[in-house]
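Letters A, B and C mark the chains as written, and numbering starts fresh at 1 in each.
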Amino acid sequence: MRKTRIGLMLVMIFSLLLFVACGNNTSSDQASTNGSSTGAHPGDLNDNQGQNTQTGEEIIISFWGIDGIMMYLESIIKDFEQENPHITVEISSFNTDSIKESLKVAAASRALPDIWFNWGGSFASFYSENGLALDLTEVAAEHNWNEIYNPAAIELSKFDGKIYMVPFHLASLGVFVKKDLYEQFGLQEPTTLAELEEHMAIMHENGITPLPVGGKGGWMLMRWTEQLIEHYAGPDLHDQLNALDAPWTDQAVVKALTKLKEWSDKGYFPKGFITMAPEEAEMYMYSEGGYTLQGTWFDQTLSSNGFDPNNYLFFKFPNEQGPVRMSSFVEGFQINADSTPEKQEAAIKLAEYITSPEVVNKYINEYGAPALINFASTEATPHVKLMAEKASEGNFLITDQALPQEVVDKLFEVTDAVILNALTPEQAAAEIQKAVDQYKSNP
Amino acid sequence: MRLKAKILPWLFLFPALFIYLMVIVVPSLYSLVLSFFDWNGVSPDKKFVGLGNYIYLLTEDNVFQTALKNNLIWLVGSMTILIGLGLAFALILNRQLKGRVFFRSVFYYPYVLSGIVVAIVWSWMYHPTKGFITFFIEKIGLEKWATPWLSDPKTALYAVFIAAVWQGVGLPMVLFLAGLQSIPKEPYEAAVIDGAKPFQTFRYITLPLLRDTFVIVFATTMVGAMKVYDIIYGMTGGGPMNSTQVLSSWMYYQTFKYNFIGIGSAISWYLIFICLIVIVPYVIFISKRSHY
Amino acid sequence: MSASLKRKLSNVLVYLVLFLLSVIFIMPVIFVVFTALKSNADLSANTFYSFPKELVWSNFAEAWNRIKHYMGNSLLISIVKVPLGILVNALAAFALTRLNFKWATGMFIFILIGMMVPMQATLVPLNMMLNAVNLNNTFPGIIFVYLGFGIPFGILVLRGFMLAIPRDLDEAAVIDGCNELDKFFRIIVPIAMPAIATLFILDFLATWNEFLLAQIFITKESMQPITAGLLSFQGQHSTNYTLLNAGVLISILPVMVVYVFFQKYLISGMVGAVKG
């Protein structure tokens, strides 16, 4: 009894001392570096005692990525560390939603990592706009990025004319369908929206869900909405809508929403799809089929779930515009603007290494859709190369990255409302415009 | 000696109080301050708006109002159905039944699953074509009722609530069981001699003796209901049409998606404030009576 | 109708109700087991409640390989945090119920309010604080934060139980010549064991399932807890449901063990406490 008691007290006193000790130790530490390394991610205590970052011999950089890419990035980074023995990379990996939140918290507490994965558009621009991400425009010029990376990818990595991202993936979305479905019904790749709709009707009559969409989170349905807007509005007006320069009450928006409603009423979407998880909707694509709007990652998704991507056809959504633009977005790496120059240099080196043609070609089976001009094609992801070529014919930035998040969520909300008969397409369009006006009035 | 008696409680309290102040009090006050500002969390320009964020939420933000309403529905549901069921299970399983340990474990185990897991499991139960509930309802001839419960704004919240009851009933049950176990046998024996009916013994012996347990159960259930988040977010994502947003999820949106830290903080403080006016008077009332 | 027949009938009824309820409670998890044993093709082609066409036991091995180091981290965090938290809270509850503390009720309310603070609201300032003392990405750091969020509930539970312990026992202790610390460890803690067991079960579970704080304060992959491990089955563009379900089943084992072990203790210890 007495022994456990003393033991417990010791544990408690020890832990209290630990906290106090840590406080003392690091407040002096902080003072000596004069807060210049606020962006550096503090490692655990041992790291800090063992290495002195100020001598410049050993550079430790912190790296934040997401689970999906870490599978292959871990071995790429190991290669990198071997080639650059003085650089150590501390990896953190997050769930897709978690990284967005963790980055915001880190930004607000001035504790961003030295280099982090991000999506382009409004996700990245928060960090660019607020001076948290390093301006890479000069680096890009010095290192001839325009000879390495796909121009579309560089364009999508810009904010306010300056480059703030090392392009990693260029994702573009097109229509996928099972080949055997086409053989079964004797169908051909559609060139007009009307043909696509004919196919849907045929599939529906034969008990196949034509459009397996999961509406939870809004973004999977949005892929159809934005292509319908592109179809009715044409490229110029669509770009103006996304730039908030044209009113969303435009007839093109109303028509697009009306069409969605028509498809829903005809039963083209799965029953109860509004709150279905997108991943559940994708299961339809593994078994019975139908049309799905998916990105360059879809080959990867299929093969990782044990299905052969060669059994699927890909084509651009027939929006009847010239050129037919695909919806695209870029994924890339941002560098901490507050890190020390040595760390920034090491981080840029790492990002360029990860995205270099040699590395990409070595890991092409898992890599997804690189943001490069030239890369090898592979059996495992047969559509990636084709989609990249098609995307360079023309693309627009995907809606949920083109619009401010408040407007995006309003668009999702009113799309649901139209489908559930709570709003007419005209009322829905007016609601979006209201959200746009409110966003604009907020300085 | 006097001095020692005065200092002693503080010494015992110190570790808890120190950690509590550092982890909860200081950060909360920080967020209280932020709730009076219009700020995106990083930019140098931080505008003082007084109560502006609070007023904006109440008067202009429709989703906030839906969220508030949903939280109140959830609160009422939890206080009646969840606690009622928990107490009923505890009363039944407190009897000398064969296999009661088994039944206790069965009713408790969903509570060990995290909200995200429960969300997946129950979305699949409700799945309009592949789910068991749909299948079962059709099997017993009620096709009319086999609707996609989660996709209808009128039913979505209640459908999620059923899942939450399945998950959560184990907590009040375990707490009530612990409380029931601590009630001595003597009052019951006396009641039997006096010829009291079962309901009377429950009303006049069991309930009063469970007072301390009720404080714990009420407080945790209310707070749980006000802070509910992951199960709803996992099952409906706040949809359809934002009809299942709750305060916690809307705070998350405002803070981390739209970068309105001030508005997000104001939602937090509405939440704290509502909990305060519901729980604190109750606890004060109870703790005054329960002093020996 | 005789009294014994009546009791028998009501017993049958109770068992019937309990049985039906058990079916409702067990069923969803049966489907989790089914899913964990399916192949991806089977899962996508058939209903969620169908029996696996072929039992894919390798899902469990694969899931285990992916989550085992996360399990280790969670175990380490929980094993340190839970007893430490109980000690800290019990000391405080003792002060609030046993030491004629003038501010007892006020202090209790003050601490209780902390239960209402949404975790999300504290993330940014906590992150700043942990950074300032270099405790970010360390186990002491996350344990410190967990201790903080566990305090209101812990004190709520322990204070309630300690209030119910008769005062005569304290006086007996004083006669025996115990000081307050002796009284705490030799009298109150043993009697409060049922409450401590309850708290151990609930706190272990809360720590095990915590996600929001962990994802902010433990970002290094090698140190992340099980909740992060389970989420890693959800990729950016697809979710591996079969492995996820297998992983979930594996991940709840420690919590179930803790429950089974302590629930026995809870019931038996309780009776002794009151008679004590």
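To be clear about the criterion, a residue touches a chain if its C-beta (ideal position, glycine included) is under 8 Å from a C-beta of that chain, and two chains touch if they have at least 3 such contacts.
Because the structure is predicted, anything quoted here is derived from the model rather than measured.
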Arrangement of touching chains [line / ring / star / complete / other]: complete
Of A-B and A-C, pair with higher C-beta contact tally: A-C
Centroid distance [mean C-alpha coordinates] between subunit C and subunit B, Å: 15
Separation of subunit A from subunit B, taking each centre as the mean of its C-alpha atoms, in whole Å: 34
Junction residues of subunit A, two or more chains touched: 12, 101, 105, 108, 277
Interface hub residues of subunit C, defined as touching at least two other chains: 88, 124-125, 144, 231, 241
Junction residues of subunit B - those touching two or more other chains: 15, 41, 124, 127, 129, 252, 255, 261
Subunit A-facing residues of subunit B, complex: 15, 18, 40-43, 123-124, 127-129, 147-148, 150-153, 156, 235-237, 239-242, 252-253, 255-259, 261
In the complex with subunit C, residue positions of subunit A that touch it: 1, 5, 8, 11-12, 15, 18-19, 22-23, 25-27, 29-30, 41-45, 48, 64, 66-70, 90-96, 98, 101-102, 105-106, 108-111, 277, 279, 282-284, 286-287, 295, 297-298, 300-301, 304-307
Residues of subunit C touching subunit B in the complex: 11, 14-15, 17-18, 21-22, 24-29, 31-32, 46-49, 88-89, 91-92, 94-96, 99-101, 104-105, 107-109, 111-118, 120-122, 124-126, 129, 144-145, 147-149, 151-153, 155-157, 160-161, 163-164, 166-167, 180, 184, 194-195, 198, 201-202, 205, 209, 211, 227, 230-231, 241, 244, 248, 252, 255-256, 259-260, 263, 266-267, 270-271, 273-275
Sites on subunit A touched by subunit B in the complex: 12, 16, 100-101, 104-105, 107-108, 126, 130, 132, 215-218, 270-277, 280, 404-406, 409, 412-414, 416-417, 420, 422
Partner subunit C, residues of subunit B touching it in the complex: 5, 8-10, 12-13, 15-17, 19-20, 22-28, 30-31, 41, 92, 95, 97, 101, 103-114, 116-117, 120-122, 124-125, 127, 129-132, 135, 166, 171, 174-175, 177-178, 181-184, 212-213, 215-216, 219-220, 223, 226-227, 230, 248, 251-252, 255, 261, 264-265, 268, 271-272, 275-276, 279-280, 283-284, 287-288, 290-292
